[in-house]
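Structure, as structure tokens:
Think of it as A, B and C in the order they're written, each chain with its own count starting at 1.
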Amino acid sequence: MASWPEHPRLIGTRIPRVDGMAKASGRAKYPSDVRPEGMLFGVMLYSPHAHAKITSIDTTAAEKMPGVKAVEVIAKAGATLRYQGDDIAAVAAETEEQARDAIAAIKVVYEVLPHVVTEAASMADGAPKIVNTGNVRKGRAITKGNVNDAFKKADATIEGTYSAPVITHVCLETHGLTAKWDDKDHITAYASTQAVGPTAAELAGTFNIPFTNVTVLTEVMGGGFGSKFGADLWGRTAAQLAQKAGAPVKMFLDRVQEHLAAGNRPSASGTVKMGATKDGRLVAMEAHTHGTGGVRGGAGFPLPYVYDVPAASRTHDDVMVNCGGARAMRAPGHPQGCILMEAAMDDLAEKLGMDPIDFRIKNLAPNDFHTPIYLGELAIGAEAIGWKENRKPRGQGGKGPIKKGFGVALHQWGGGGTQDKQVTCIINPDGSVELKSGTQDIGTGARTILAVIAAEILGLEVGQIKSNIGNSTFPTGQPSGGSTTSPSMAPPCYSAVTAARDALFAKVAPALGVQPADLDVKGGKVLVKGEPKLTWAEACRKLGTMPISELGKFQPGLASGGVGGCQFAEVEVDVETGVVRVKKIVAVQDSGLILDLLTWESQVYGGVIGGLNYGLFEERIMDPTTGVMLNADMEMYKLAGASDIPEIIVKAYDPPEQKARGVIGVGEPPTISTAAAIGNAVSNAIGVRVPVWPMSPRNVLNALAAAATEGKA
Amino acid sequence: MADLDTKPRPGASRRDFLRGSGLAAASAVISGPARAALDEAAAEAREAQDAVPVLSGQVKITLKVNGQERHTTVEPRSTLLDTLRHRLDVTGPKRVCDRGSCGACTTLVDGAPVYSCTTLAVSCQGKTIETLESFDTGPEGVPHAFHQNDGLMCGYCTPGFVTACKALLDRNPHPTLEEVKQGLNGNICRCGTYVGVLKAALAAAKSMKGA
Amino acid sequence: MTMKAFEYASPSTLDLALKALAAPSSEALSGGTDLLCRMKDDVAAPERLVYLKDVKDLAGVKGSAAEGVTIGAGTLLASVVASEAVKASYPALWQTTLEVGTPQIRNMATVGGNLLQRPRCWYFRNGFGLLAMQEGKSLVRLGDNRYHSIFMTDGDALFTSPSSLAVPLIALGATATIVGPNGERTLPVEDLYRAPRTDKQRELTIEPGEILTKVTIPPAKGKNASYEIRAKQSHDWPIVLASVNLTLEGETVSAAKIMLYGVAPIPWRSAAAEQALIGKKLSVETAEDAGKAAVKNAQPLSMNQFKVSLTTTAVKRALLTAGGMKYWEA
């Protein structure tokens, strides 16, 4: 079994990312910045209707317009469009303005079909059937134990209905690529993707050319969050237009289509009935849930979540609507499951009169590896937020209109790496070091951690390592998703660099008249039996003209998967305005061995802020009558700005036994429980459960009004 | 002006409508005397065209970008952002929302941070245009502070934040955290890098002070 | 999206601007933060834009606390925020201006552009028309009206008036000066607005070819303040905003003007709230009563009941801000 250095010099310290200056100075060239010679601008025409059939489509006028070089029809007469934003046709022209004018000149006659864009409408009696198999697809039912009998043992039972809306990824760089045919059967694509290899495979398949004839380049890219794993229809279309026009074509979605067609996180709603004994032990749960992932389904989420529920029964309806299809979004399913579970946990703790932390601890599974992690994390988090001193029972948030509240939620994520990815390490005679792999950096710091590993092992500085990724022709790397990138890439990187170092030692040792085993590297020097003998450059010069190139593969012992994590929220809720201000978030997260503490913390901060957006602001708003998205922008689709950011305390839970687990990714876990913790803090503050996320003024005031009405009744 | 304020639904061109019956509809909402005055003024408009150059179609312009005179051809409708990115290969400013909400396109025009996605290039002639590519990349500059404090992840919002931050510090070299937040409220980050951004802004203020 | 092609003129004098605007299908362009977005969204397609920012006479804040203040329509919002005269005499206007948009928007947008921007109603912005009627039915009533009106909802105009500056300006008794082919006219700021009855009408009374040149605010007497409620603390639109202008005799309110944003298709004057307050001493209780009076005749739509409580709170807190009694900050 391989293992990481016991006393690392760089690993686990705070190392600024290697491409940070290029990004901060505006010099980094994103796929959407690249402009190959003669490049044309591609624009998509997409459906203005939620559901329609194309009666006819006429591109004659568009083809004749100034600057237009190619037109591609995607949805021909007779084709059905299943959501606003569904692809119809595309144009490539010399300027973007010309391409857009041409798009406007495409004449399409539609037969508008009945649509449903909300779950309620889709599930209603007599709703138009938008999917042949029916608008509701039954999810896998869960039955564990005898729920009816189990509920009889409950001393307290709650039944709550909770819901979270559909949100969209809002990648700042929209989906797309720039396609360039190098000759008739070789293509280079500058793609904004989280998976260069699969994107290349998709293009190769589309054009029936060998995978080796496709180069997908992603030097840097502007965010994906789970929605950018392929070339997509628009990317393939860009390549088609480029082929037709005989010139490179750039095709990036506009912001509206990005919201509509490039993925979303499904909604989740449900009624959760849950019971516990008076000493705080859960006995049973019964849940009926539903959610929508658009036209293709995919709205499942885990429930029960985290806690040990002895008897559970759950049904789930996946509801189809005429909206763009869901795609994985940072911890798919988990934020939804966490909201429903943790809201019910809090409401039940309230009914039992128990402290929410005590109640949670009582219901952690006894033999689960997460349990000791949670116990450690909860202690740290409770201390950091001042739970004991500051938290009051529900509804005692203060005398004035602004009520203070505290909430907590737990999460978990599997993650873990694959065992089939590769990294090449090259040591050149001039001393330069290059890592190559077909993975990519979507902003997590993937490029940097590879350089950190190499610098650690070679006794060099991080800046001396060229971490060359984002190229599909390099040894196969991991797609950036599911918190799998670091645990997939760190072991082969370790293997490659270690092997390259050993190969160097094998070359240098005879020249020094020693055994390779006598050599070591430290501080830019090659050591013989602990004594510096050569500089790194001098040692490498002994390679003559032949660089070292070693391909690294997986080795056991360096990476792992499976994490817990908990978050605490402190909020202030103005009960006269419904405005919620998050004052503080504490995030305690385990993720094995941290390679770069600086980028690790950024990932956790980012996860928390993503969760804060989900908790307070985000919501895709569909119009039932016209079937269009009403807020396909970045204004009425609300995302936090600087003044919305609370104090965020990030604590790594990494005692030695956690470090010993090796590398685990951290992309997903820290975004899971934030919205749940905020919702719980809001109900703690105002004494009333706000059952509908986000915690907007409207949802808060509606909950208060409903409680007041009930109180009077 | 006819303004039915409706998006042309597919199949019907609103522009054709404007040119045809739309004007008649417009006159219906304009009172008599105003209408007459308008007609008279319409005739005068041609004179105005002599007095005021009216640009249309392809227009040659010169923009002073990052200290250089740049000549290019645009249309009146070309935004400053698209002109920088598509015609001058100045790709630091990014197109994200394209509606003046997110700040990724922030550019300094005569020293003031503006959204270049909702600024017309033709209106920027004779003005000083600065993008972050022209900023000091040394240890006292804003980009350095963003790098050191990890004020970026995917980095697509970063040019806008760096530019807004530079503009803020140019005007207020000693901001409080609250003032930094106010100064950066016109920018949105999706990766959630705000903590690093705020640290970077304060660090940049500090190193500039030391300068 | 790209805008439809148009002609562009940038006159340097008001006279030339008027002439240039006389061409059919012309629109005046200032900051561009509203108009250019509507053009990108294809809900506006003027054939000519006349850029007013090169008309230097249109920009600037003049005057003093004693004689009142005149703000050129082309004045940047950032310049209004920077004006000591505005800050000292008209906190209602200053605070509201500070809360408009973002630093970048305040560097671009002008006072005139703010007053004459078009409604933010998402049906309008999505191309369904100002009244958003389809086959005789209101899309707003049938759909998502959380941000729509709670007053005048028996009519078809259910959007809310979008200018937040109009609210304090009207409360302060400001007038607007407009020049056009027929010369100059001055009118109260509230007369810039109307609730359209048909899809053929705009909500603005300014005629094609006319230019708003300035607003004039009389000297401030008594106390004025604004209070804005919004979801995000960073860039966001107000959900409800109240501006109040009070004349006090001793501690008693002798005159009051209470204006609201976000509740009606025009800037909404709450005479009921004013009446509830006049003759009373300003206190948390009387402010609360005024706030409740403000919503007595509210007729919310299916999804915006919450705006009724927001209106009560906004009125109450604007009054108590004016009175220096910010109980909620205690």
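Some points to look at:
Throughout what follows, a contact is a pair of C-beta atoms (placed from the backbone, for glycine too) under 8 Å apart; a residue touches a chain by one contact, two chains touch by 3 or more.
Note that this is a predicted model, so its numbers are computed, not measured.
Two chain pairs are in question, A-B and A-C; the one with more C-beta pairs in contact is A-B. When you average the Cα atoms of each chain and compare centres, the chain farthest from subunit A turns out to be C.
The distance from the centre of subunit B to the centre of subunit C, each centre being the mean of the chain's C-alpha atoms, comes to 23 Å.
The centroid of the Cα atoms in subunit A and the matching centroid in subunit B are 30 Å apart.
Chain centres here are Cα means. That of subunit A falls 40 Å from that of subunit C.
The multi-chain contact residues of subunit C, meaning those touching 2 or more other chains, are 1-2, 4-5, 102, 126, 128, 234-235.
With touch defined as above, residues shared between interfaces to two or more other chains in subunit B number as follows: 9, 75, 77, 98-99, 101, 181-182, 185-188. Along subunit A, residues 96-97, 104, 254, 635, 640-643 each make contact with two or more other chains.
For subunit C in complex with subunit A, the touching residues are 1-2, 4-5, 102, 120, 122-123, 126, 128, 134, 137, 139, 142-144, 146, 229-237, 239, 303-306, 309-310, 312-313, 316-317, 327-328, 330. Partner subunit B is touched in their complex by these residues of subunit C: 1-11, 16, 18-27, 29, 32-33, 36-37, 39-49, 51, 53, 78, 101-105, 107-108, 118, 124, 126-130, 180-182, 199-202, 207-209, 234-235. Subunit B makes touch with subunit A in their complex at residues 9-11, 13, 75, 77-78, 82, 85-86, 89, 91-99, 101-102, 104, 131-133, 135, 137, 142-144, 146-148, 150-159, 162, 180-182, 184-198. Partner subunit C is touched in their complex by these residues of subunit B: 1-9, 14-15, 18, 23, 25-26, 28-31, 33-34, 37-38, 40-42, 44-45, 47-49, 51-57, 59, 75-77, 79, 98-101, 103, 106, 112-115, 118-120, 122-123, 164, 167-168, 181-183, 185-188.
Every residue of subunit A that touches subunit C in the complex is listed here, in rising order: 96-97, 100-101, 104, 254, 256, 400-402, 574, 576-579, 581, 616-617, 621-626, 628, 630-631, 635-636, 638, 640-644, 696-698, 701-702, 705.
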